[in-house]
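Order of writing sets the labels: A, B, C and D. Residues in every chain begin at 1.
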Amino acid sequence: MPDAPHTPDEIMTIAAARHLRDCDVCFVGIGKPSAAANLARLTQAPRIVLIYESGTIGAKPGLLPLSIGDGELAQTADSVVSVPEIFRYWLQSGRIDVGFLGAAQIDRFGNINTTIIGGTYEKPQVRLPGAGGAPEIAIAAKRVCIILKQSRRTFVEKVDFVTSCGCFGDHRSEHASTTVITDLGIFISDSTTRELVLSSLHPGVTEKRAREATGWDLKVSRDLNETSPPCSEELVVLRDLYARTALAYGTSAGSTSAE
Amino acid sequence: MPDAPHTPDEIMTIAAARHLRDCDVCFVGIGKPSAAANLARLTQAPRIVLIYESGTIGAKPGLLPLSIGDGELAQTADSVVSVPEIFRYWLQSGRIDVGFLGAAQIDRFGNINTTIIGGTYEKPQVRLPGAGGAPEIAIAAKRVCIILKQSRRTFVEKVDFVTSCGCFGDHRSEHASTTVITDLGIFISDSTTRELVLSSLHPGVTEKRAREATGWDLKVSRDLNETSPPCSEELVVLRDLYARTALAYGTSAGSTSAE
Amino acid sequence: MAEITSLREAITDLVHDGDVLAMEGFTHLIPFAAGHEVIRQRRKNLTLIRMTPDLIYDQMIGMGCASNLVFSWGGNPGVGSLHRFRDAIQSAWPAPLHIEEHSHADMAARYQAGASGLPFAVVRGYVGSDLPKFNPKIKSVTCPFTGETLAATPALNPDLTIIHAQKADFEGNVLIYGIIGIQKEAVLAAKKAIVTVEEIVENLEAPMNSCVLPHWTVTYVCEVPGGAHPSYAHGYYQRDNAFCKAWDTISRERDSFRAWMTRHVLSTADFSEFMRSLESEKVKIDA
Amino acid sequence: MAEITSLREAITDLVHDGDVLAMEGFTHLIPFAAGHEVIRQRRKNLTLIRMTPDLIYDQMIGMGCASNLVFSWGGNPGVGSLHRFRDAIQSAWPAPLHIEEHSHADMAARYQAGASGLPFAVVRGYVGSDLPKFNPKIKSVTCPFTGETLAATPALNPDLTIIHAQKADFEGNVLIYGIIGIQKEAVLAAKKAIVTVEEIVENLEAPMNSCVLPHWTVTYVCEVPGGAHPSYAHGYYQRDNAFCKAWDTISRERDSFRAWMTRHVLSTADFSEFMRSLESEKVKIDA
């Protein structure tokens, strides 16, 4: 069977989904992490447990939630608890296998920034949303997986602000690692130096291109792989998920004065 | 209407019930405190809020519960929460108006003992149940009311162990006091010295008898009152409550091999 | 004892310039109607607390109600940035906004500490983060048993908390279900509380162990059907995702923002008029 | 992932001599069947944790299972003293029992800390009490903001927690309702957990926001109908108050206690035989 054509966005989401194992307990952020986690649930990891910070444990949404606290998440969850409980009993306690994060900027040690771009903290050029659950997800989860589009703007020598620290954790074993998945490839933190190392290139992406989209002198694994191309099941399920989501949100528009 | 005849136990419970005001939020221990609090609810304080440490908020039991966690309490409550929540959000937070306690021993400063009698802590003569919720009820409630039968064995110069400290509280105003209600009279802590002062004698009880039943040199208020005798409504409601309770427990006995 | 009253009266009585005000609702049950009433009454210099300042705080900040913001994530969920929040921080428009920034886990723990009568919260958090460098309220405490160092932050005890819930009964007992967020803690941590509800009923019919606020923990209950729109009320109505997207356009420029707020919020007497105003505009566009 | 198995196998696999074992249930849902199985398997030198050691711990202590007891209130609720608990402390019978004594508020906070991954709990408590003088685990911590001193105690993290609940589903998700006590925290604080349930059903039909333990937090689920007797299971059966009173007589003397335990617990293979044994004696008495 020839490789199905796919977009960079799709291979990024699919590669992230593959990172999840069946029965993993996964703390999911909204957006790409949620798409990847739900793709995993609908393909190779049917018994994955999805926890959203709004308090839904074991959510099985039929659509991709638009916010972290959609009613769909509550309705399909095994349990819906309070926000303080989700952070204390479920995250801080160390019972999360994989913490799934996004970022605006990342550095070679997996430090991530979602706070400001440019300027100073007090007077930033661009103010971003801030920390949310990330600083504690980053240190409490046994494994951390960060998804973002790669460019010299996002893969930077020095982040403008360390919102969360990506490569160190309370509950991770010495050999556990942080994985960063982009539209170009997969990066895994070295267990000794904690530096991100390019370990896999997505189909059609060259090492040169990955280097050009990285703001530091990128280390490349001696065993550099090529990411397996998306199989047709992965693409069908992912596209179906997006299509159903778009349909639901498109037709559910209530009263609005916009435009 | 002549005074109805009553037992010392009844006047103790009735005097304690009168201590409660309508709309008070009351943290109730089992036994006499529970009888008094429910008597108050069925007479002069219909909107009293009863909280039991098992997690029932606003319980309205039709029978006197035998334990702090009877199903009847859960079934009639406005809300049933976890035990950690009851102690953190409801007691420690200072939202309890009256804490109702029992004791095996009490001293002149309202220190109460429910831990050991005689011997040493490590090798006591008699081991009592211990603290339960009392140490924190005693300091967190705005007012504290202690109910026990009075004798030289219970009203002692020095308690064998200070389980809970009766006359000091975090949330009590400077002029708030601790009230001790016995089968002989009512004692209120002095706002300056914190010492218990006899403020009311139950009908037919002499000051001499109260002194004889006290293991220290008892202070007597200059405005010593006589407790109003039970009115017939109080007696009828209290006896009915006990009768219904006895009936329910007598007939509800399940399989048992005892006797 | 909760008093049942109008939202206007509740806000007039309990929101004063300079107050510390928490409005909570974690993507669900966001008290929009109450936020609009604060804007209508032109309250100023508020310290606004909220884990997730989203559209409602964007509106309040843009209308100049706030001088301080205590928060952990400020965005338009699923859409992007909050333009008024950004403009206030980046350009002090319409007024300088001082920010105090935490993580979600910390904010939740601070409300819990406030609800528990404790002066501080302990969080295993912020390891390696720059946030403590810029927030003097993030200190540390040492475990007296293990010697570990943990983050410590002061309890939150707002002057007033406002939330929206599904139901209250005639006594003022409040039932919240679905994603319950941090609402219970925010109410119990506050000195006073206003709860707007979808409906006031004779009997809550609350399942055992559900999230109920007893009437004596709430100051005012106000019946405001739809009062969480454009967020949602589980069992009543869905989130208006289209509006959340539209807000990105409305709020992008100062002028369009002000015009919209004037037309729909300042020129309407209450939330039901606001909803009719939105609806009439929609009809015009559709026509 | 919870495995559904027999109580005997669960106890054999997870209870070892010298373990730290918590069995919780706050007057409701007390795991009697599991306690009996620990006695049948003759486990020794256990550190037993329980806020309210009542009849079940009286039985386990009297049968020599425990060398340490961590607790906050040891009595027969509504009846009086626990004679075996007393005898162990007062006279070291059948073995010396070391005790570690706290208040309820503190024990609850310690389980919470354990469930939260924190090394210690902070409690506004023990002011004026002698308990800290005799318990080196009650220390203090200073608020870094207000300077206040509060009590600090170490988190509880038992090797194993055992509870009884109303229902589990085929996956092992557990539903608890009514007085939920400290069970959830006790399970989440422990390294492993056994849950005995009244029944295993296809669908829990749990109301939203009820107390559910997801299957992956539980090691074994065992179906033991009536397994909380003589305590009660809300929705299933009432508390056997007569038995609780009778226990006062049964347990008062060492000989009568041992005879009863031998006849009904040691000589029966499991909880259903135990219940039949009790019932047959009752029939004899009634006859």
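A few remarks follow.
To be clear about the criterion, contacts are C-beta pairs under 8 Å (C-beta built on N, C-alpha and C of every residue); 3 or more make two chains touch, one makes a residue touch a chain.
This one's a predicted model, so the numbers in the text were calculated from it and none came from an experiment.
With contact taken as defined at the outset, chain B and chain D are each touched by C. With steps allowed only between chains in touch, the distance from chain A over to chain B comes to 2.
When chain centres are set by their Cα atoms, the one at the greatest distance from chain B is A.
Averaging Cα coordinates per chain places chain C and chain D 41 Å apart.
One finds 27 Å separating the Cα centroids of chain A and chain C. The residues of chain A that reach two or more other chains are 74, 80-81, 88, 92, 140, 170, listed in rising order. In chain D, the residues touching two or more other chains are 112, 117-118, 124, 178, 180, 184-185, 208-211, 234. Contact between chains, as defined at the top, is found for A-C, A-D, B-C, B-D, C-D. Every residue of chain D that touches chain A in the complex is listed here, in rising order: 1, 112, 115-118, 173, 184-185, 188, 206, 208-210, 212, 214, 216-217.
Residue ranges of chain C in contact with chain A, taken from their complex: 26-28, 51-52, 71-75, 77-78, 81-82, 85-86, 89-90, 101-105, 108-109, 111-112, 123-131, 134, 178-182, 184-185, 211, 229-230, 232, 234, 237-247, 249-250, 260, 264, 275, 278-279, 281-282, 285. Residues of chain C touching chain D in their complex: 117-120, 122, 124, 137, 139-141, 143-146, 148, 150, 152, 154, 177-178, 180, 207-211, 234.
Within the complex formed with chain D, the residues of chain A that make contact are 23, 25, 49, 57-58, 74, 78-81, 88-89, 92-95, 140, 170. Residues of chain A that touch chain C in their complex: 30-31, 53-56, 65-71, 73-74, 80-84, 87-88, 91-92, 111, 115, 119, 121, 123-136, 138-140, 161-165, 168, 170, 249, 252-259.
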